[in-house]
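Beneath this line is the structure, given in structure tokens, with notes to follow.
By written order: A, B, C, D, E, F, G and H. Residues from 1 in each chain.
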Amino acid sequence: MQSRDVLEKVKSGELSIDEALAFFKKRSFEEMEFAKPDTQRELRTGFAEVVFCQGKPDEYLVSIYKKMIEETGEVFGTRASEQQYELVKKEIPGITYDPVSKILKYEETGKIRTGNIVVCTAGTADIPVAEEAACTAEFFGSNVNRIFDVGVAGIHRLFSKMDSIQKAYCVVAVAGMEGALASVISGMVSVPVVAVPTSVGYGASFGGLSALLTMINSCANGIATVNIDNGFGAGYIATQINRLACGTER
Amino acid sequence: MQSRDVLEKVKSGELSIDEALAFFKKRSFEEMEFAKPDTQRELRTGFAEVVFCQGKPDEYLVSIYKKMIEETGEVFGTRASEQQYELVKKEIPGITYDPVSKILKYEETGKIRTGNIVVCTAGTADIPVAEEAACTAEFFGSNVNRIFDVGVAGIHRLFSKMDSIQKAYCVVAVAGMEGALASVISGMVSVPVVAVPTSVGYGASFGGLSALLTMINSCANGIATVNIDNGFGAGYIATQINRLACGTER
Amino acid sequence: MQSRDVLEKVKSGELSIDEALAFFKKRSFEEMEFAKPDTQRELRTGFAEVVFCQGKPDEYLVSIYKKMIEETGEVFGTRASEQQYELVKKEIPGITYDPVSKILKYEETGKIRTGNIVVCTAGTADIPVAEEAACTAEFFGSNVNRIFDVGVAGIHRLFSKMDSIQKAYCVVAVAGMEGALASVISGMVSVPVVAVPTSVGYGASFGGLSALLTMINSCANGIATVNIDNGFGAGYIATQINRLACGTER
Amino acid sequence: MQSRDVLEKVKSGELSIDEALAFFKKRSFEEMEFAKPDTQRELRTGFAEVVFCQGKPDEYLVSIYKKMIEETGEVFGTRASEQQYELVKKEIPGITYDPVSKILKYEETGKIRTGNIVVCTAGTADIPVAEEAACTAEFFGSNVNRIFDVGVAGIHRLFSKMDSIQKAYCVVAVAGMEGALASVISGMVSVPVVAVPTSVGYGASFGGLSALLTMINSCANGIATVNIDNGFGAGYIATQINRLACGTER
Amino acid sequence: MQSRDVLEKVKSGELSIDEALAFFKKRSFEEMEFAKPDTQRELRTGFAEVVFCQGKPDEYLVSIYKKMIEETGEVFGTRASEQQYELVKKEIPGITYDPVSKILKYEETGKIRTGNIVVCTAGTADIPVAEEAACTAEFFGSNVNRIFDVGVAGIHRLFSKMDSIQKAYCVVAVAGMEGALASVISGMVSVPVVAVPTSVGYGASFGGLSALLTMINSCANGIATVNIDNGFGAGYIATQINRLACGTER
Amino acid sequence: MQSRDVLEKVKSGELSIDEALAFFKKRSFEEMEFAKPDTQRELRTGFAEVVFCQGKPDEYLVSIYKKMIEETGEVFGTRASEQQYELVKKEIPGITYDPVSKILKYEETGKIRTGNIVVCTAGTADIPVAEEAACTAEFFGSNVNRIFDVGVAGIHRLFSKMDSIQKAYCVVAVAGMEGALASVISGMVSVPVVAVPTSVGYGASFGGLSALLTMINSCANGIATVNIDNGFGAGYIATQINRLACGTER
Amino acid sequence: MQSRDVLEKVKSGELSIDEALAFFKKRSFEEMEFAKPDTQRELRTGFAEVVFCQGKPDEYLVSIYKKMIEETGEVFGTRASEQQYELVKKEIPGITYDPVSKILKYEETGKIRTGNIVVCTAGTADIPVAEEAACTAEFFGSNVNRIFDVGVAGIHRLFSKMDSIQKAYCVVAVAGMEGALASVISGMVSVPVVAVPTSVGYGASFGGLSALLTMINSCANGIATVNIDNGFGAGYIATQINRLACGTER
Amino acid sequence: MQSRDVLEKVKSGELSIDEALAFFKKRSFEEMEFAKPDTQRELRTGFAEVVFCQGKPDEYLVSIYKKMIEETGEVFGTRASEQQYELVKKEIPGITYDPVSKILKYEETGKIRTGNIVVCTAGTADIPVAEEAACTAEFFGSNVNRIFDVGVAGIHRLFSKMDSIQKAYCVVAVAGMEGALASVISGMVSVPVVAVPTSVGYGASFGGLSALLTMINSCANGIATVNIDNGFGAGYIATQINRLACGTER
């Protein structure tokens, strides 16, 4: 429906003014004192808004969690601390916290998962970032297969899992240090590889810059990269791809 | 079929030694003097090997082009110069060259395209990179919708095209300077945005680093980034996503 | 009055030697043991000197605050800690402290504000920097309109406020991560946009460098940028512009 | 006028559909094959669109210049080469070119200039960037006072011009190498200083990065910075400020 | 005396073997378990070895302090903590500690100072680095004139001290943030300016990198730069210059 | 033995299926919940897998240590903290810890060492990294000669040890700050110099980047560089070289 | 023989003065107008001095080549241009030039090569750097096995050559772009891997910085890295290792 | 004489108004169209102004050269090209040009030189920068001793010249690549070392950044650093030191 049609219909009375207003307003949000939660984001992008807990003042965090459960029945927060968990639990007893991924969430039961995303890590120290990716993808409805500690220093470990990896609709490759894992995987699969550099490393790894540059400069094709330690972002885009592959885009 | 099965079958005679060898060899290539063209790459990844023309010595370039046409009936090369076109044309008269995307290719006729990829640019100077992405996606079987010059300095131009953009299975956002285009788009679509920073800019753009950092640090979700000016890489991964969405993965 | 005139008048007796000395001395300061407070700065630039509290030794801080109130009746300090507030309060009971902006000030009552500065943030985490800008502008006599959490990931929130934004004489755009907010705003207003990158972000945001580069490289016009997290500097220059627009330059 | 009002008036017939469409469309542009010239930019921002000539293909450049003169009677382009001048002159004989600022323009006669912008440079090598700023400001209606070669290595030259500098509504400080000029000036004036780092320098100046960092980190207040060598951007924002000061905002 | 001469004299008996050995050995040191204190450094360079206290294990620090007093009657250490002072004081009651410069030393009484070094700072936060420079120069026999808080944001303060500055044999200019002080001073004096960037600043000062680049790229002549926060290094080289000027090189 | 041979022998019964499987599997690892210890690494590379203790969760660390002793009779861990030592000691009383090198190991008695590796440091602050290198080399069977505190500021100390240095099969040069030690040594020996930049330094040393660049850019030949503070990596490769020189490669 | 012994013997007449002088002089060079060729370098390090041709003025180059052949019968120069070859050939007809490695040399016939160095490249564009390494190693007496175009994007090509690679005493891994090749190889061999980053790549490869950081941060052990494009340096250190392994150190 | 005295004397008639004006004006310059030559710089700093020829437009260059000879009888320009020499020679036949240092000058005959500056280089490629330093120092009246090609890869060459080096009042150390020369020298002399990093190098030397960081981070004392390739700056400050040592400061 084009703008002219809307207006024609308003003139003719086919459309009420409120319906037309909704059309032009299109997207909206809820005005709060300190924030503008994008409550209709799910309609627009297919994903509910997510809370980045790190650094949020206590009172803000609790009221946001309460409001989001109230409105959508669920809430999903990343980078939450143990202390934030204790705090929120007092108000929302059913909340759950995973100390590895640092995800603090309240999730409906009986949700169905589809498709197949593989999340790989180069080492064990990359697991927290990988779990953030995996849990994000699962919350948004994807099946996830975790394959950890398959870095290139002992590449036979990776090859022993190649059959599983080749079954995915999307592979998330999580690696710090020199980050070579993504290049090796993407040379062997036909689906997109979402590369996540991590800040694991020391010396000239410069907080993950080394792995980021490696992934951006990959000689292999079919790789795209997200920010350092951004497991959430990788789980999100992997879910978008998985949904497209399953025909469950929305 | 697992390795043990193969061996059981060899023992029992169900499988010939040559069949078994092929199983273990799995992947292969052709040994040349100066290179090892990965002629079975299409079987493995769903994409034929592509030629990066820039800097290739003349005799290498011509012989590679001839061999690839011989073996697959097609050849697709990026970053080719006018001079390289003239050179190859002498040997392969049917070769075609596009001076904007710098793609030098020989393509079968009657190929079918599926799905829907949108390629956007912020400015007109980003078009060469965008065309490399678009032509790559088309060569590998995707429908492409080009929407150019919709940068955020005049954001109404972008919004006027939003309906088209929202119909894509994947959006490729190509931008130099501050590279904000990708963030704005990915806040409005439900599908993955492949961000391509370009080296367009001056001063503190540092050859595209500024746009790269913008895209990697995007506050919006559903973005993953490829290398600066890497239109080919973006067209490749967009095609992978498009194929998954169309169920034509391979 | 030119130098020659001054000297002519000294010779003729029209001007006393002390008046002439004042002319040549022009600008001055007060010599203290550890610092040279620029007590005549208000005459020269239209702004009283401001105290950067962070890292100041306790005894220095208290004596500077006391001296400035004594001389000008007011004092305005940035980046003060809770502890510094407690310390100064003992000596100056009327002092006020805002834990968000971290501003510690003693302000005359009944001051008049003029004009219209809009201060926007991309997210809620950018609010402390924005409040530093807003409070600075207010202290120096500007009306300020705060519009927070209107980042480009949900750009409809920004557009819903565009009417207010377009009424400003100057817009301060505060954003971390990829910092795209300033570009989008400046494409839609006819007044200067002062861009403030913040250190909000993680991974490849490199303490605000990413947002800084974005703002410096903006494809839109009418943007100039201050240092990372420098809310004070933005509020200062916005006030200069606001004063010029109101004809209250000094 | 709010959206609801527009719709009420459409319903009642007070507003034609076309008037309402115009309201909602708000901003527009002209669709060309290779670009979307933002022809209504002057209405929106108070400045006509400007052509960045560098790197534009010949045929594009000429057709853009012709179209813009056709529509607005004027055209203003930056970073034009001698060759581009020769090319455009064939089609538009009245075009003028300044080899220092590299500005290629067609300007109406009898335009009135208002206000007072001072453009300073540290050295003679910074003059091309300064001229780009000055000519931009003049084209858009500002009076400009040029004060060149007053860098801090011989600071008495700067002080001899301080009276003129202090009369400006806005000062543009253009400097390469260590870029200290902006700090010194802004300590002495009550109006905004727009700092322009230049790529003049060698060794560790890293193409202007050194001057950029100096200006961003200035210990003085009332400075905001634009991109390296971005004289146009400085002239643009200085004009915005000058217009506000003169009450000729639009 | 050349090597051949030495050998001729050994042969002839003019020189004892031990004297000849000393000739060839030339320079020496004392072997300890964990270090090789360069006890003859004063003979070679005119300066006794100095202790960098920061990070030294407690037992090492005490034994080095004791050994050096034993051998030379003095000891001079930089970057000492309050705790290290308490520790050393137990063994060496006469030791003195300055909490601003963080210098922990035992110095002979009645030492004579010569010449004239001026140490300037841009702000009060630069004073600790400046004091390290000043105390170093004094320990090694230079007269020092401290002129603090004369940064370019209020440049009249600097000019009011210019007479004193112009009397120095060497000026040490200590500044953080944008570090412009060194350039301004060196344009006004005929003697070397040793520039010391400090880590004072925030945002894009990157721990002093901004000030370092400013000083290295200075448009003024007669500046050379030492490491960020390296007050000791500046005091050392200023002393070398001061000694040369006084004819007291050694 | 080629693949075909293996298969021929399986067919003929000369080789059991399990033997053949082992051939194709070639390399292997042990699947654990959180990691894939590469237990056959010694067979493949001649070095048992080493534990990077830093950041390992307590329960993981203890179980890994126990499993490795169980399987190989030894375990060698780097970057262990005092606390980790206390923890592991409770389960494995015979474990030993060196607070300088931070190595936590259980080593068989009576191991033989061969060859000659020299480990040099520029200063005493570089000793922890050097000890990590030396202890690694000793654990893997190399004789090590430690020569510490021979930096270029007092180069006679280095020359006094040159005879010892020239006897090595490989020299490890450990230096922070400007890292010049490696260049000087490699100009004087005929064997490889493994350069280890350290994070010792301040200001513009940028956490070891300065020393790393120095070593990578060395004008001398026969230098190769490992990561900043990577004593382990240097000790490892020095052992590889030492083994080759002794004919004890494996 | 210690210094004292030498002197004792001079005294006793056992040693002539000239012999003693030679002892103390130890190492020497030849004084020329513009250079100090290190003609005794072969005695000291086991390698004759090599000429870095790039940028050498014509007359210097020719006279150096002539002098070195005169003195040692051989000369070996790197980074020579076609033009330099033509120039030198006029004076030294027997000189040979390889346009791939850019090596310009005069070599004795019948030299024997020992040992086994493998030189691998990731792509064909890395071959010039690899050839510089290989030719250097061959000139200094090593057998070299070239294995090119085995990058990780098609890792089966690398594995098909693993048997050859595992036979080397030292592997040189040459790679640009993301440089992952070195990590993969060093996980599979027991000998040192000398990693050579190349400037092959584009965008965020930053002239080889990306590959350099990858190699420095490798998660695998037994890697040390030389400068970007420094094939010569890699060939040199590989030869040192090969000599040690063959017992032909000198 | 203080300002008050001047004024008292004006009042009493002791001082004419013009004399007083001169006092307050103090420093001056000559206003030209495109520049403000600092013609009294010699009075202020002891050095006449120098022309940075690189990039100067032809007509400017010639008129500046003519004006400076006219006023001071001499002119000294750096970074002049062969073409600029030809150009200037037409107008000023007595001009001389040195293609190595790229200095274009007209110098009075019979000037006296004093003192002793040593200028060292690491390699022959550093000579142009060293010559710029040496010629600058000579033009301003210093004796210079050139010692070239004494880099640390063959450190015996440096030691053979140590006697000469130790006789200097100031040493200029010029080095590219890893720039270790300055550290080694300053450990052996008692006078200041002015370090000049050069852009000589390749790969990770990043245009001289590597050498700059080395020199700034030197573990030795008595080093201060100028910009990359800034031979002029080094010669200038070395002359300042040399003059102080000779008592010929001005």
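Quick note on the criterion: a residue touches a chain if its C-beta (ideal position, glycine included) is under 8 Å from a C-beta of that chain, and two chains touch if they have at least 3 such contacts.
Computed from a prediction, not measured in an experiment: that's the story for all the values here.
Participant: If you apply the touch rule, which chains end up adjacent to both subunit C and subunit F?
Facilitator: Where subunit C and subunit F share a partner, that partner set is A, B, E, H.
Participant: Please give the intersection of the contact partners of subunit B with those of subunit H.
Facilitator: Common neighbours, subunit B/subunit H: C, D, F, G.
Participant: Pick the pair from F-H, E-H or A-C whose contact list overlaps the B-C contact list by over half.
Facilitator: F-H
Participant: Mind checking the centre-to-centre distance between subunit C and subunit H? Centres are C-alpha means, answer in whole Å.
Facilitator: 41
Participant: Taking each chain's centre as the mean position of its Cα atoms, how many Å separate subunit B from subunit E?
Facilitator: A distance of 59 Å separates the two centres.
Participant: Can you pull out the residues of subunit H that are in contact with at least two other chains?
Facilitator: 153-154, 187-188, 203-205, 209, 212, 216-218, 221, 227
Participant: Can you work out from the touch definition every pair of chains that touches here?
Facilitator: Once each pair is checked, the touching ones are A-B, A-C, A-D, A-F, A-G, B-C, B-D, B-F, B-G, C-D, C-E, C-H, D-E, D-H, E-F, E-G, E-H, F-G, F-H, G-H.
Participant: Where on subunit G does subunit F make contact in their complex?
Facilitator: 44-47, 50, 169-170, 187-192, 194-195, 212, 216-218, 221-227, 232-234, 236-237, 240-241, 244-245, 247, 249-250
Participant: Which subunit C residues qualify as touching subunit E in the complex?
Facilitator: 26-29, 34-36, 38, 41, 55-56, 60, 197, 199, 207-209, 212, 227-230
Participant: Can you tell me which positions in subunit F touch subunit B when the two form their complex?
Facilitator: My answer: residues 3-4, 7-8, 10-11, 13, 17, 20-21, 24-25.
Participant: Once bound in the complex, which stretches of subunit G touch subunit B?
Facilitator: Residues 124-125, 127, 148-150, 153-154, 156-157, 160, 202-205.
Participant: Mind listing the subunit D positions that touch subunit E in their complex?
Facilitator: Subunit D residues touching subunit E: 122-123, 151-155, 177-180, 183-184, 186-188, 201, 203-206, 209-211, 213-221.
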